[in-house]
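In what follows, chain A forms one complex with chain B and a second complex with chain C.
Here is the complex of A and B:
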């Protein structure tokens, strides 16, 4: 017993000693992502982007950047605690909460109160940056995406009657559909059916029958790809022949795997398409990403990759690690050459950047068009 | 030990606690304060769940639902008018809520009241069920509350949630509410009502035979429990400053259940200890997720390891210490005195005989 206690004490001592790092020329970037829980898939994609970016550009103002990751378990309370921990305990100069608006909002509250700049890669809920001096994002917001899709439906596809099928439990889905509806009706179109479902539902025949009966020529369903795949399949089985339209969450190869034939012709707005007319940065990113991970790059990774580089650029422009200077530099960002398109930060601290539309053709996403803000 | 002495000790302990809270509020960083606040809120939640589950023996899983009611009531009552206009982008907030505004304490009391009313309405039919069926029915209730919150964006802002709630919650509030909760629930279980509740827990038929009105007592216990869950929900909203329906999923109830089981069913002292243990270990176990080296062995970062070790702890408690940390024993000055005498037998022996 005494012997095992001795060994245990020794082990703890060794851990304590070895975890003390002696690097003085290190600057810490705090990352709070959902590595476990409902949104874990997104958290992993986020990390791919950050790590690739850090490998490419490991220093800023002569100091080495260290990424400090804490898991927020896809949970609001944990997200607030995680950001608080990063700021108070780790002493980070900047915070990243890339995935999930429900985590980015409480994280942003904490960062804003502490006066540490925070940058969110893909949280699209308008409330994330609203009224927050220190919180920014590197993507466009739900209203813009909803508007883009509504304009595209009405003007490019020439459709006058559209239906909505909204995941009532997801802020993302609710937001997108709301702005789609507003724009579509303003343009003179008609929303003939406005249906709802909950994340994880399996049977959509009731909603789909009504949508088909309403004579809709397009169905806008901004939900998560798993649910949407089921809707797409069931819709075709019930005899729906119109268009399928959605938001950036649908730009995921898994959707095509799940939905198969039914996904054919589906159009989604997104941040980045591999075969879109590219700027040199995108080409570089695609090449590096394929080398490192041996996978096709995804929209989330490119956004976190850009958000890391944008923060680095802001710190360099600020010329110091002073949070106020970094915040001002971030707010002044104009035409930053991101891999996912150039980024300008507007007065609401949201990124202004073009939306890209992709279409499923022969079981693959193909570039359709670019819509500028 | 005399009764009067106990009272003096209790008052002294409260004064010491007050000084500690003051020191914590003025010295600790926001991160540590956040953990302490969460711990204190979990004390309120745990003790109130213990009343219905631990003392009355009714397996209720509806706590997240009552918290949600409390959180939304408080949020709508304290949210500044400026935010009420700004964040309701789906549908504007409906009339009475746009102008309602109350001080924090009244908002908290109303939160508790609304949760209690909901408990009364749901309790009357549901508490006729027993065991697992009651658990399922109350779990269903909590889910219904969450789904209603998703579907009335003109009041709750739907899935977008409410943000910008003023950060009223501090240690004075959370610790204060926790102490009031403990005081009231302790008073209740030591009264004739409490004896009746425990009689129901031990054997419903026997309790009924000796003249305990089952429905009345169960509903009373359920309603009081819900009242404090509602108040805790209000504190929770004002600590986090943002809420949405997803925050009140089943996981929330499950966390409270962990605290109650870990501390021991029917032990308030155990619940208090477990509430802080739960929140401290959630944060202080984080380093084991980050990856570290034991000498030459490099352990990579494994997200989720924290929860795995927590599950292991819970398993150990359930397997080897089924009555929880405190084993159903309550803290008392008498017990403490006995404990001290046991440690220092010589010094205290003369005093001990006189008590």
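Here is the complex of A and C:
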């Protein structure tokens, strides 16, 4: 009896010690992504990138990286509490909020206040990093994206009359549409109709009837791809014959599946296209991604893949897990060889990268052109 | 605004309103008989097109068989939800049943997220439902005609069941007084089960037509249409079947016309609709066609 008690105590002691030493060898990266709710698809794509990167480069400064995921349910408030839980309860050294500006903005506020470095993979709204010492991103921002699309509409397509259909519940959509409008009007084009909707709306017949009657030749609708798919279908049903244009959220194979023929000819700006001129890093990524997931890689996964590696690189350059040192290293990033193109962080903590335009041809995204900053 | 645009928007309004009307009938019927606002109606509505989707996709059933199977399955789900979540609360205060209904609603929503995932699914529509009817420059989706025809058929059927059959008699007696009906040898549980089956079947038909009109399925797709149908039922006078139809049409029409005439405010159309609900409740609490029934003491 006494002996077995001794063995038991010993066993508990050993487990306790080993778990302590185990904990000392682990460093946690906190991830807050929309795994459920309207943006759930984006969250899944994000995780594919993080997990692939972690598999490839599992250690930093001799410690094993552990990914801690908290679902932010596609919600602004949930995103803020997810980040504070990661920082306060899990004690993470870095935070990632990769998908959705409306989640990355409140998440960034919390991380910045706590003084923990945060990196967003694909949130493009300027407010994500604006005035935040500790928040960075691995992608270009909406003013650039909006400008690229407006120029493309006016100069390459030769269209003078464009319409907007904006999701007022998404900071991303409102911001991007504004930047598009500013450039388009500066170039001499006219926004003939500026309509609004809310995420999750299913009937767009009233807005589309108005847009068609306004004589618009191009419709710019930066929004969630599920809503956009319904808009594209209903637009064609109601007799809209012009172009469909949008931002990076539309570069998603599910959009084509949902919209079918209505998506043909749709043009979107994005971060990465599989058939774009390649660099060695993206070739490697495409190969690894196809091996692991057996599907075509997407722009969001490549950015989360890059943001994980960028954070690792910054920690190595910093030489410690001190948040201030990591932050400074991130800010000093220059020509980091990312799979989605090289990344240089500018003074606003945004990545300077070219935009890639893709077009739906025969039910697939095809590379259209590259626009350099 | 040109005449053509006004007419097109009227067609849009009718098309949306007829769908709201169809969902609202089911809502109002359950309320009329049980005095229960079944908040899970929107989720029952969402399940039907999913059943249809999987029937066609996985079991390779032909369209019409799959539609019938989907309606039957949805009706069974509705009956089950009543059996599990409402029947045990038959003698509890009304507020408990209401809370239970909200619980069923959340449960079905999250169950759908787990089973069907949050990724939206496309609906492959049979050729007829892709067709458009063009009158001059006005374009009307074929689902409008389908929903008008289906609504008429179901309304007639419903009125026949409620007013001409023995089950209908039982339903009406339960709506007046459950206890007395039970004393008069009315099988209360069975009648309420039938009521839920019919109400859920109506939601299923609405859900399937909705899926054909807006060909995209996602687990939360029933939430807004469910709430709107509830508003439609209240506006028309809850418990009143023709009132629900009228309310649905009015609601769809005012939503579209709100956007058409105030394009700058188009993002606030749901706020506008809920404001209408509040106004109606303040000015005419019994709805347009509702009767002013005194609570029995």
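Observations, loosely collected:
Following the convention adopted for this analysis, the second predicted complex is superposed on the first by the 350 of 373 C-alpha atoms of A that agree within 3 Å, B and C clash if a C-alpha of one lies under 4 Å from a C-alpha of the other, contacts with A are read in each partner's own complex, and residues count from 1 in each chain.
Just so it is clear, contacts are C-beta pairs under 8 Å (C-beta built on N, C-alpha and C of every residue); 3 or more make two chains touch, one makes a residue touch a chain.
From a predicted model like this one, the values you see are computed outputs, not experimental measurements.
Contacts of A:195 after superposition on the shared chain: chain C is touched, whereas chain B is not. In the superposition on chain A, A:361 makes contact with neither chain B nor chain C. With both structures placed on the common chain, the touch criterion links A:26 to neither chain B nor chain C. When the shared chain is aligned, no partner comes close enough to touch A:61: not chain B, not chain C. Once chain A of one complex is fitted onto chain A of the other, the partner contacts of A:324 are absent, as it touches neither chain B nor chain C. Looking at the shared chain after the overlay, A:127 reaches chain B, while chain C stays out of its contact range. Using the contact criterion defined above for the overlaid structures, shared-chain residue A:205 touches chain C, although it does not reach chain B. Judged by the touch definition given at the top, the superposed model places A:239 against chain C, while chain B stays out of reach. In the superposition on chain A, contact is made by A:109 with chain B only, not with chain C. Overlap of the chain B and chain C contact sets on chain A: residues 36, 40, 168-169, 196, 198. Within the complex formed with chain B, the chain A residues making contact are 11, 14-15, 18-19, 35-36, 40, 43, 68-71, 73, 75-78, 80-81, 84-85, 87-89, 102, 105-106, 109-110, 113-114, 125-127, 130-131, 168-171, 173-175, 178, 196, 198.
Chain A makes touch with chain C in their complex at residues 36-38, 40-41, 44, 166, 168-169, 193-198, 200-203, 205-207, 209-210, 213, 226, 229-230, 233-234, 237-239, 254, 257-260. Of all residues in chain B, those touching chain A in their complex are 29-32, 34-35, 38, 86-87, 89-90, 147, 150-151, 153, 158-161, 163-164, 167, 240-247, 251, 282-283, 286-287, 289-290, 292-295, 301, 303-304, 306-307.
Those residues of chain C that touch chain A in the complex are listed here as 2, 4-5, 8-9, 12-13, 15-16, 113, 117-122, 132, 137, 139, 141, 210, 214-216, 218, 220-221, 223-225, 255-260, 263-267, 269-270.
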